[in-house]
Amino acid sequence: MQITNKKAEKVKIAYIGGGSRGWARGLMSDLAAESRMCGKVYLYDIDYSAAKDNEKIGNMYKELPDCASKWDYIAVKTREEALKDADFVVISILPGTFDQMETDVHVPEEYGIYQSVGDSVGPGGAVRALRTIPMYVEIANDIKKYCPDAWVINYTNPMTVCTRTLYEVFPEIKAFGCCHEVFATQEFIANVYNSINGTAIDRYDISVNIFGVNHFTWVDAAHYNNIDLMPMMKKYAEENKDGKAFTTLNWMNKNFATNQTVKLDLYRRYGILAAAGDRHLAEFCPGAWYLKDPDTVAKYNFALTSVKWRKEDLKERLRKARAIISGEEPLKIEKTGEEGVNQMVALTGIAPYVTNVNIPNIGQIENLPKGAVVETNAYFSGDSVRPVCAGRIPDDVNHLVIRHVYNQERIVKSGVKGDYEGVFRAFINDPNVVIGLDKARELFDKMLEKTKDYLPFYEKYKAEEKSFI
Amino acid sequence: MQITNKKAEKVKIAYIGGGSRGWARGLMSDLAAESRMCGKVYLYDIDYSAAKDNEKIGNMYKELPDCASKWDYIAVKTREEALKDADFVVISILPGTFDQMETDVHVPEEYGIYQSVGDSVGPGGAVRALRTIPMYVEIANDIKKYCPDAWVINYTNPMTVCTRTLYEVFPEIKAFGCCHEVFATQEFIANVYNSINGTAIDRYDISVNIFGVNHFTWVDAAHYNNIDLMPMMKKYAEENKDGKAFTTLNWMNKNFATNQTVKLDLYRRYGILAAAGDRHLAEFCPGAWYLKDPDTVAKYNFALTSVKWRKEDLKERLRKARAIISGEEPLKIEKTGEEGVNQMVALTGIAPYVTNVNIPNIGQIENLPKGAVVETNAYFSGDSVRPVCAGRIPDDVNHLVIRHVYNQERIVKSGVKGDYEGVFRAFINDPNVVIGLDKARELFDKMLEKTKDYLPFYEKYKAEEKSFI
Amino acid sequence: MQITNKKAEKVKIAYIGGGSRGWARGLMSDLAAESRMCGKVYLYDIDYSAAKDNEKIGNMYKELPDCASKWDYIAVKTREEALKDADFVVISILPGTFDQMETDVHVPEEYGIYQSVGDSVGPGGAVRALRTIPMYVEIANDIKKYCPDAWVINYTNPMTVCTRTLYEVFPEIKAFGCCHEVFATQEFIANVYNSINGTAIDRYDISVNIFGVNHFTWVDAAHYNNIDLMPMMKKYAEENKDGKAFTTLNWMNKNFATNQTVKLDLYRRYGILAAAGDRHLAEFCPGAWYLKDPDTVAKYNFALTSVKWRKEDLKERLRKARAIISGEEPLKIEKTGEEGVNQMVALTGIAPYVTNVNIPNIGQIENLPKGAVVETNAYFSGDSVRPVCAGRIPDDVNHLVIRHVYNQERIVKSGVKGDYEGVFRAFINDPNVVIGLDKARELFDKMLEKTKDYLPFYEKYKAEEKSFI
Amino acid sequence: MQITNKKAEKVKIAYIGGGSRGWARGLMSDLAAESRMCGKVYLYDIDYSAAKDNEKIGNMYKELPDCASKWDYIAVKTREEALKDADFVVISILPGTFDQMETDVHVPEEYGIYQSVGDSVGPGGAVRALRTIPMYVEIANDIKKYCPDAWVINYTNPMTVCTRTLYEVFPEIKAFGCCHEVFATQEFIANVYNSINGTAIDRYDISVNIFGVNHFTWVDAAHYNNIDLMPMMKKYAEENKDGKAFTTLNWMNKNFATNQTVKLDLYRRYGILAAAGDRHLAEFCPGAWYLKDPDTVAKYNFALTSVKWRKEDLKERLRKARAIISGEEPLKIEKTGEEGVNQMVALTGIAPYVTNVNIPNIGQIENLPKGAVVETNAYFSGDSVRPVCAGRIPDDVNHLVIRHVYNQERIVKSGVKGDYEGVFRAFINDPNVVIGLDKARELFDKMLEKTKDYLPFYEKYKAEEKSFI
């Protein structure tokens, strides 16, 4: 990379999961729109042909009249080629296929455990973590070998576990996890403000202080200019059971409406605002609260996302990719609202700024353990990301949050060593696993069996004699 | 108090709850057997006639030929008379009557929540705490006023909440909570050892390192002489599903057999030994583990103690008291195995020693919050109780324990202020409350209604408009 | 205050010490140059005529053709008038007169203790603190009463003690201390870079991570764009004994050259860069290192600033003020390079940014005590200042720093209570007080005697019987 | 080792430094007097003939009529023979000879730095540490290899550094450091009590709470029975400049009177009682306080122990040994008052008890760093030493103490790696090194040169180019 006159050139980005039909496309569009940075993107994917498709699409951006920066896209067959001397590494992979995700989400339903997403915590999150961790161990080792000074941006879920695994394997890594859920909450606040004041401010006008873990972050201070917006949100929560009128469509997931009913219930109960979509929030709370059964879910106005839908959606995305490549459908540069490209620009030192991010706790949250990956704002500047001190999470909220921190730390530490029995201890400590020990074991074993092709230590686990029930 | 030649004389003990038919009788017997200390015991009880009965019985000990120390017993009508310039204060009260305890234990069963004791945590523990806290606030204030330098021994449950409330109200208080559950665990270890080695050692021969909170303490090191007994216990746990053969009858609660099945299951799972009876342990774990329903309880070989039994037992104890007073039954000096009297002797400086105790954490447990009341060993010497450093609780165990620490801290802080809504947040965070938010609210309100005569802030709570479900 | 279209209007600033001939003039000029903010500045000073002079000068700015924002200046006779409903409070006072400062700086010389500034630590800093603390107690109480929501910017030394006192008296205050020493270090780094690379970057191009306490801050990371500049500085330090060629004139103190000799010596010794001028740094180190005697000072290329010079300088500034008022000399708008006005703009929410600041430690520095006032970067945004996590100070550096943290905490806590004996314990723990206990007592007493008019507890101190030597 | 009926037999003790004429003789006498333990003592010394002499004397004890336990003494030529499967290891060595100690103590005097002992901190302590650390690295490695489960008792100074080095090299080691200074303080308190009350209590009747680092420990609570003795000591300190009347002769060092003048001065100043002899205390305080020059030392009634005296004393001890072996002088069993043998008995589990000890901080002192070796009481029981929580050291005292903790940690960490430049940073941070940086370097280099035969990294240090002055 070379920086001259506030422009970074010859930037090398390695994209792990470069065949992705969602995040990769968004990044391509954002890069094409960003004039302060230019270079090459190396696309690596275990499905090489998918990477090749993205190479084609990526290079098509250069022809668009409003392209601000002409990036070269190169699909490669090895991780080494992608990573070698990269300036930035983007990781956005699907651990396994949607068949495995089907197991994660729907097998627990046989035991009365409902999950609205199934990719972060709960039975689904734990088993997805078990598939993901060995992949991240390999990636971390390769980054250490081929580009130890690169900045690494993780988009894969379970976000906390993935990011934390990178640090567990290579503690000096410069990595962070990036998620858009907080942006939607800023937008919700802006929309409430607009409805009251007849204004048209947007999410960028709302500054927030946030703390927690990914998908279970909380806002205890929000401002528009110097106006404290928390009293407004408190009043709103007290007077409204839901926020349907201000329903925000999630970035990159435009089919998942969130009606804020869970968020507002939590606000009334705990006095601060949870900052992820309701589908995520519900999974971090005790199972009986919002996910007891489909009726409870309906009562709280959110939905259980079926994997069937995801499979259909993927087909549509594949069709669309082919249509773009063949020229049947036009390619457009549209800003996604994601912050990834802004973060890269900030890291070149050209335009420092503050946004939210997932990194190890060095004190930014006073009452969560040091070293655990947490989400707060951070200051991005030349070659550095430094968290902004977010203070103490209010006790009662923290008691909900810290339980997941403990579980996630256990999953990472045991997962990296292949100690699935340790992971089971986190599994039965999850607030959504409200079944007996024998049933929990049966469920865990069934889920592992179905996903065993991705579990390097599966045989060892089966061979261990288990003396407990 | 006056100490001469290793004997403490003119000791004044104030007994709050001095009409007690259980603990008071035990203490009288232990005092009669202890030659190094003598003086007066002031018995205060809201039921003055009960205290008067104990006065009679207490003074009868002086006539026994094997009485080592002739204590005077005086029933008094005010707390002030009892406390004024006391050297020691013993608190052992029943917060409310067995009718209230019936509510604590059995109303939750209507919601599918089973409790084996119902006096420490869970719905019963929380509501019992709400009754107890205002009484302890008064007692603490009176101690501050009438005998600020006295040593205060608490026997009442919920042990942690009661002891912690004393410190919340009067931070300079010299108080500790005293419980026999660990002794039974030492006895269990001794019995296992004896069965293997053909020896006859007893609980005093077993030294243990303990940490946790009352009724959910754990042993990570046990020795007989310098022999590490943990490998023996590990082997035992792996080879035995229960410890029926070594079943120990609890001190002072001789009807509650504990078969160690829960304890051994936890050992296999977590690698260290829980140190309370199974009935207590079960209540601190997620509800679905050991208390899902009566069948599960049966499977794990423990019992749900019904309050009906307690009522019958009380009748028998009353009958026995009358029989002793009338001379129909003989009075005997029998050592109870409790440590209260030994602790008092140690505090005079005559015979320092180490035993387990509940006091605020000043570092004795590294990974529990400072200030919370925890249980470890402590060194008792002249006018001081200093905890022995017990180290770090293993992570997975600590995650089970700390959740109760958070809840208990919340209950004390909210309970003292009369903020029952705050207590409800602890209530729904209890691992045994695995019901929906609306059902939990219904249960909480029903329990409060039934115990409202003991709740000074009940009307305030009812009057608050609650905007959540 | 009212914010419309990214402009804050009707801003009320209270200036305590509004008769100041240095800082007040700089602020006026910076305000006149700032188009995003406008309003009124209330000048309060114990010397009302000095405030009145500044009122005249302040209002003259409105007539200048390049005035971007026409502020009204009003001299007031009471602190209440100035503070009532203020949006911002600026505090910049001289505690006592230069006669007292003469005592602070020069009496210790009679005991062989040399000070290069005498306003932060050392005997001078301690005694100056004793004068300042009662003034800050009053100011903090008035802010609590008249404008509890105002943002308070402190410029007075001892910076740490003054800012910390505000929080000691009114813990909810929104105050921070502001100092330019770090800027000069950024400029030094930029100058070294320019000399090597033939560029012309300036201090704003250099981003730094800083930690420590005011006047004893340290830089462990510096970047231009994404280039790590620490290797360059290391090489420079190894090859150069001083930095005379890049000597920077301090903001607002253009007569105090700093040749960086101390800074480079510390760099070679500790491996990171101290970030204040050498005159300040020397005073925080053990006295024998750089301040043993005038020869040692000369060897390290810095100077002992005599108070005589300050008195002369003040005369010149008074003359200049009169000349401006009379029209003999022209008034000019010149940016000072100070950050105060930018910070205010950021706090309105219009233009968030990151700069260094002195506020209580909530975790921004891992290895300094919580609650102590420390200096790091912070993120200024709408109505909030949140520190950026600066990490751990390297151990050996921290051992030098933390000693002052302890002393400053002691001085504040004892100073607020009027416990001068406690202050004496900090006095004899200062690294520059390398004299015997009896001599130290003699010096302390002599200094207090000379400044007693400013010491509300002086008589109490004299009356105490002191049983030690 | 084998324990039957409260008696430990076949105990193997390895004595490293087994040719010692002081500590070894005391241990032999204490072992002969202790009926609960018996076995063999292996004496290893680099001076084999000295060990052989002790073997002879040791075996002579068996013939004495009052010998309670007949131990076999065996001098061995390798550390391996001594350590192999030992139950206990005692380390009491002289690092170098008295010639080196002469350098430690007297060379600094050429620079105006006076030391009263020179073996713990200050220039002498640092350089002695540099000699000792490599020896302790070897010993720790051998213990790890030959007897990892043995309990290791260290008597060598610098106590803290030696003990800490063992843990740095072999973190699982079961080691503690043992010192008698606190006992003398208990005796002083007992003597004051006796003089007032006409009693005859002794040090065993005084229980104390202690905290700090070895030779700079402090007592904040002392009791006889349950009587708080601190008010008595406060009054004594206020009314008396010295404690000559109660002067206590140190155990094993019967020539070093301590008149308590420093101790009482510190008491008046800081409000709690320092618990080591004045000669030690003085060295931990800023140099100008008590060690400015010989006149100051005289004023405070203590003495600079010259190494010349130590050499004379050694001659006398050698003579005495020969006289005993030849039968000219009788051998007697006299209890030394040291606790080593009692500690061993406690570790067998036969007789648990509490005494003071030096071990890594796991929370026993709240405000000293975790991991540093600190001195507090500890509970000795079967195969375990667990510190008793001593609480927080009062702030002003802690600021004096923690400085040494930092320096000692630096010395161990740098010393183990052979980074003498790091040790120099501790050297110039010592409160008694009140000389300029160039003089300090000159002194450090001169001291190292004179002791270089014991410094494995000396050549490396000399070869490093040092760019600072």
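So that you can tell them apart, the chains are marked A, B, C and D in the order they are listed, and the count of residues begins at 1 in each.
Methods note: a contact is a pair of C-beta atoms (placed from the backbone, for glycine too) under 8 Å apart; a residue touches a chain by one contact, two chains touch by 3 or more.
Source: prediction; values computed, not measured.
Colleague: Measuring between Cα centroids, what's the chain most distant from subunit D?
Modeller: The most remote chain is A.
Colleague: Can you compute the centre-to-centre distance for subunit A and subunit D, using the mean CA position of each chain? Integer Å is fine.
Modeller: Averaging C-alpha atoms per chain gives centres 56 Å apart.
Colleague: With chain centres taken as the means of their Cα atoms, state the distance from subunit C to subunit D in Å.
Modeller: 46
Colleague: Taking the mean of the CA coordinates per chain, how far is subunit A from subunit C in Å?
Modeller: Once rounded, the distance between the two centres reads 43 Å.
Colleague: Touching two or more other chains, which residues of subunit A qualify?
Modeller: Residue numbers touching two or more other chains: none in subunit A.
Colleague: Line, ring, star, complete or other: which describes how these chains touch one another?
Modeller: ring
Colleague: Which pairs of chains touch each other?
Modeller: A-B, A-C, B-D, C-D
Colleague: Mind listing the subunit D positions that touch subunit B in their complex?
Modeller: 1, 3, 207, 209, 221, 223-228, 347-350, 352, 354, 362-364, 366, 377, 379, 381-384, 386-391
Colleague: Which positions of subunit A touch subunit B when the two form their complex?
Modeller: 237-238, 265, 268-270, 286-289, 292, 296, 395-396, 399-400, 402-403, 406-407, 409-410, 422, 425, 428-429, 434-437, 440, 467-469
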